[in-house]
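Going by the order they are written in, the chains are A, B and C; count residues from 1 in each one.
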């Protein structure tokens, strides 16, 4: 008699968990449509608020310079633009740096979320973003081919760097290519910390291992950290090992105090950043106008100038280079 | 402990902040007698018992032991108003009171059974302490005292949660315990009728002061103080 | 659904990464719980039992620490165990002991505060009773612990639950290293970051099921220590007089 309630409880809880799981699974189709709907209505209300603010501002400054009013772009229909990007872009501070210029010029409000490349692209698939700014060619092509993205717009690049301890016990600094460097690390049995999170950097790293003809998985010296670039760099510094990083994140991370760039700018370490507008065919609610405005602005002269300058002041060199048009 | 002794209370005072709950200039309790501590609620009965038992410290004043004994010689037992019974068996609850007595196992068992019998709880020796009713808990608490050899027994409303039958049983147990041990017994009670049945002397408290002291029958029939008359008038009806 | 089936079948495949992660998670939580109980309960008993100067301050500090953000606990342990930290030479960062240490920092105040509250609830009654019976201090303490046994047991399982579900501190000091320090919660974080949302939810459900099983065991243990026999006492007391009852 005592056991029956326990059984009922068990069944109830399992059923509840099952229901929860079904809800989670269906988010790929039905429920996220609802959520994007909610997001768009939210956007509409905030747009109303902003246009109201703009009009009252215009009224008060009517007598003042008309120049200010004209430089303020007319508020677009759907003012909220959701950009999903990778941690490396966000951690480098590029988007926060560009954001006020973009918003002033176009009247859009940028909402940036950052995650590993895998998750960043997945947000495009689930309709939770209007534009992507990522760096993983194969995944991007797959994404566009599936019809989720309009087209890939590569617009800037930088180089991955191999960072390691000052002493460089594996002799990476003397290598010509990244593949050679990885081989040297493996031969010396030096600790290599991998992001292991399916990010663009992680994918690049795995390509280089493949090019070097080495399978690092399960090796004692190969540490699969399963974390973002920042945390991976911290772990590399603590372990005094090697890792592959994008330059921007490394230069802005405290790890640079006990690690140094040992190899950079070799051809097999080029890192190209691409923008993709989410196709309205898959997600009708997506802010395609905003996405197009973002891509146009980012590839325009003003943004090019800003990007080319970014990082020079702080690190003595630009963090990103523009692809020549 | 054999021989005569007395407990002398001098200038005993207990205050909580501004409020004085007990203020006794002088009071002597003699061994071999049973005292009823009477008075209305809030008159300081419980406080006096708590101070004498040492579970609470007095603000000022002291308690001395006179006669053939010193404070250390006296075995003192105290039963609080709210009886708490431990979660283990009733038997173990009572046996626990003999844990420092150094008695053998057989002796302990025999005493515990006798004490439980005296309070009418013999058939519940194996019951868990946590499932008892208020009256049952009070009887177990009483058994925990009566199982010991005590020189001073203090009880705070020992029959508060009991019916008439239980009350009579407990009063009988207390009487025979006193006859057997010759201990000093101090029983706080709010009922004059109970004081009549179980005590030789009565101490009446009012607002923390001793207002009456004497033979129980005298105190309860011809009180000398205004407070005493008022208290008893409610019971006369 | 596929992911859930996949997750559960992986769970019962010996040698699979998931089963290794689950075992590590249980090991970590068991150690964290055991150590924080061993430290927290005696401390909590002392705080709950004794009156001393600054007790209110201690209680306030304890209550604050009960809400200690896991990341902060992790950061503190990180700085201590880091290469440049005071215990850097032990090379404990990114190991199981580091994760357990961070969790002990996190959980001990909770165990301590909860046991102090549990103890102080019954301590005055037990003290008065024990004093009246003439029990020694040691025996009184034993009785007090016995009276609080089921509360102390549930506090242990609160600690276990906190430990098994915690992610911030273990991520920081454990580093989420595959086969070494990756536990259920950090694995869920990783799958989420990789965009494997459904598999992440499946892992979450596996974690919930494990928690549920452990809590069920705890509950039945608790029932066995208190409830059934109390009910026995009830039926004995009533049954004897009313002639059977139900």
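The rule is short, and it goes like this: a residue touches a chain if its C-beta (ideal position, glycine included) is under 8 Å from a C-beta of that chain, and two chains touch if they have at least 3 such contacts.
In this text, all values refer to a predicted model and were calculated from it rather than measured experimentally.
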- request: Could you tell me which chains are in contact with subunit B and with subunit C alike?
  value: none
- prompt: Of the chains shown, whose Cα mean is nearest the mean of all protein Cα atoms?
  reply: C
Task: Return the chain whose centre of C-alpha atoms lies at maximal distance from the corresponding centre of subunit C.
output: B
Field: Approximate Å spacing (C-alpha centroids) for the pair subunit B, subunit C
entry: 44
Message: Averaging over Cα atoms per chain, report the distance between subunit A and subunit B in Å.
response: 78
- request: With chain centres taken as the means of their Cα atoms, state the distance from subunit A to subunit C in Å.
  value: 37
Query: Of all residues in subunit C, which touch subunit B in the complex?
result: 125-129, 131-136, 139, 143, 146-147, 149, 226, 229-234, 236-237, 240
Task: Could you pull out which subunit B residues touch subunit C in their complex?
output: 53-55, 75-80, 82-84, 86-88, 96-97, 99-100, 123-124, 126-133, 136, 141, 144-145, 148
Query: Within the complex, which stretch of subunit A touches subunit C?
result: 2, 6, 10, 13-14, 17, 20-22, 24-25, 27-28, 115-116, 118-123, 126, 196-199, 223-228, 231, 235, 237-240, 258
Field: subunit C - residues contacting subunit A, complex
entry: 1, 3-4, 82-83, 93-94, 171-172, 175-180, 182, 186-187, 190, 192-198, 201-202, 205, 208-209, 212, 216, 220, 223, 228
